[in-house]
């Protein structure tokens, strides 16, 4: 265990990790990439908010309304600092990463892109960073170029350079793959994109929870992530964007809070960030996300990252010992805490099912990355992923379980 | 107190109602129209979900994923039964009423409406049922007709008939006004709309929490409401729509879960209801909404309605005793538990502020209904609203507070 | 959950009965479960009384989907299409002899879905 | 919270100083707070040294917004526009002598906003 970081102590904060899957079989949770477990600090915050300060935000002047508004806006500041936004008005609350990307595609995309314009996606994108752009492309007539994934599970940056020469308007890329674990060189990709006059829109769903992120240093234009993957509740996520870009964009959804004035047949749009927050937001969940960020800050994002690096290299070593098992993606040094694999002769569903019998929770399927699986000529993989609460012992139980799988199907 | 319904007992379920606003000043919560307080049954459900069964839904086969999926889908069934949907696949989880209406405007609207088509709105709509239609109208060129509000705070149904003769494609109307409390005759309005070939889209944000709703009996086409106004958490709401309508609509947001298959440049849309639920949904909050519905069902929606009727007629009698005070909207018999009022010579902000000093939480402002306030030549009103946990004693404290306001400003 | 992998299921998975294709066939249909990539194709030959005289399945996927297809083929030998129409979810679960969560249920039901839709068209298949 | 309605605030609200309009004026500006309908207009006449020689406000709204406008008018008598530039949120709160939550702060600051934007243009006004 690096420095003061002790996953065995941290685990104690997470009620779910104390549960038994069945009698005498404790949970070994290796599915954080889908969603993380929540520490009691976040659950207590939610409960406290709903028990004491619950009110609608922004418009009320009674005590609870002021408390709720302060909680909601303070969480925005906390989250802004977490990714080093220069201004908390750049922090837009959405439901999740997916909605954040749809917001950009619809609001920025429909205003700034025209028929025949090109955008760049990659072969390793999550469906959430593919489908919104496909829908936009079909609607207004865009050309989509794709950066392929090479045999090491890395983006082919040579092709990227060539595609940039076609003058795309935007590059939409994930910071970290939720299947291969690949950490993409976003900072360099951003420099290249900007050199060619393209914006870069980053899916940070798998990076923000696991490593220090500085959107100014990365020099990206939009960055999206979800609370539920970083110790926070479901129902809330973030779109960060450069102030000038967001400020120039038309609203996405219409309704309460995103307006200054409404007449019967027209309205005036509100300022940032409210312009993009129509209707009663996920107030409790936003405040809970703030608590999650405080929790992560308390441990230190750099320490979390180092811990995960440690666990994932141990996991890859041990996985590679299992005969007939293939781990997809790059070496441990170039990836986050995600390992997707296949086992000869056993369907990933069957792997996951048998592991579940021993309390080991891994995911099986296409992990919302069908094109990436197609590229590897797979229909599904099994995926074990790691977070701040996972230990070598969790990895050992996974490996034990995999040996059992082989026995059953031997 | 009617029947077995005792608000003084029910209040005990709500932690927030036990809080002191300041030393020795208990909270008198009269702002449910903005958002309701939450019973411990719902908070326990949230806490239990996040502590024990938290996982991402639909794709996983490990124990937690199956539990989370079952919880999420069972809540859908519970909510469907609550409004008597004929099929739980007609229940779409959204963030709130506002997003539900935006979904209809964008998906149904852009597919079925063309330049020059007419739609009908009303003068009493919440911004959430105005702005999405204004945005759509500006984008594709619709004509908007408006049903005015008469001097009794009722929709002018004579004008409605005339507007229907212009062959509108849709009627967008609130079930209950969040300012006047007016309960609109939706069932008759639906018959008329359908007779003229128009769809009827109902904003149920203020009705579903307070009275029995049967979408089949009302014979409407779409119906939207929010969990946070009915004892549930923030971050989740519902769009209900007729199966054939929803089934024929294109997706709204793109991403995980709303697809069957994704290739690099195109995708196949999933079936209902998933087609409209892109990305990780508000899982915990949806389950919490199910718990809220169970809580309301336990008390009985008819009993809740009768209790509110009782409180609001008492409140109107007492408000009308206050010299210089005007309550807007119809008689108590034709409204829900909402009373918006003004007091000669005192701005609503000052009313709310002084009441807050005695722990009485009312809202002041335009309540997201600026056009309605314009119609009454007001810029703001103060609003006291009532729910299942309010009592005559709460009303008495409001009235006492209003006398104090008059004293301060006398 | 390991009892989900009863001997008989593993046996059908490892040694599938009636695996292959019939060409020509009277009825041929295939479908997949995009979530996990399970794929099943079923070919049938029927006699003048609409009784199954020959059948075969092909495809790929998890043990549950493939074993249930193999068991189903065994079971429909000589059955009429009318009788096939009566097959229910419970029949499949009885054959497998296990309980299944919602995701795995889709794996188990895929072969029945392919069979029924092939024989009667898609309106016959109501997902339960 | 009733101390929010100190005698001096109620007095300024009920008996506003410098209420009215100046026509012609060297500087005139108005703005409102759409949330609650508070509206303030301020007219100024300045001398050759850019010092306020006459000022007036008009408008409507809550006690806080109207009293703070009246107090502000009293305070800027004879001040130069340079000095007005230095007025801060805390100056207004000091005049009022109360603490305010975020929504009421907007009421209190409306007159200062109108004054500064009128004198210097909108870039001078950074909402705090």
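Read from first to last, the chains carry the letters A, B, C and D; within each, the first residue is number 1.
Simple rule for what comes next: a residue touches a chain if its C-beta (ideal position, glycine included) is under 8 Å from a C-beta of that chain, and two chains touch if they have at least 3 such contacts.
Worth saying up front: this structure is predicted, and the values here are computed from it rather than measured.
A centroid comparison over C-alpha atoms places D as the chain most distant from chain C. Separating the CA-averaged centres of chain A and chain D is a span of 46 Å. Chain C and chain D have centres, each the mean of its CA atoms, that are 79 Å apart. With each centre defined as the average position of its C-alpha atoms, the distance from chain A to chain B rounds to 31 Å.
With each centre defined as the average position of its C-alpha atoms, the distance from chain B to chain D rounds to 38 Å.
For chain B, the set of residues that touch two or more other chains comprises 59-61, 65, 261, 349, 353, 356, 364-365, 370. Counting partner chains per residue, chain C shows two or more touched chains at residues 34-35, 103-104. Chain pairs that touch one another are A-B, A-C, A-D, B-C, B-D.
Per the touch definition, chain A reaches chain B in the complex via residues 15-16, 19, 21-22, 27, 29, 31, 34-35, 37-38, 42-43, 46-47, 50-56, 59-65, 95-99, 101-102, 105, 121, 123, 126-128, 130-132, 134-135, 137-138, 144, 146, 226, 228, 233-236, 251, 253-259, 261-267, 278-285, 349, 352-353, 355-356, 359-365, 367-368, 370-371, 374.
Only residues 347-350, 353-354, 356-357, 364-366, 370, 378-380, 404, 408-409 of chain B touch chain D when the two sit together in their complex. Of all residues in chain A, only 58-61, 65-66, 69-70, 73, 260-261, 268 touch chain D in the complex they form.
For chain D in complex with chain A, the touching residues are 34-35, 101-104.
Contact residues of chain C toward chain A in the complex are 1-2, 4-5, 10, 34-38, 60-64, 103-104, 107.
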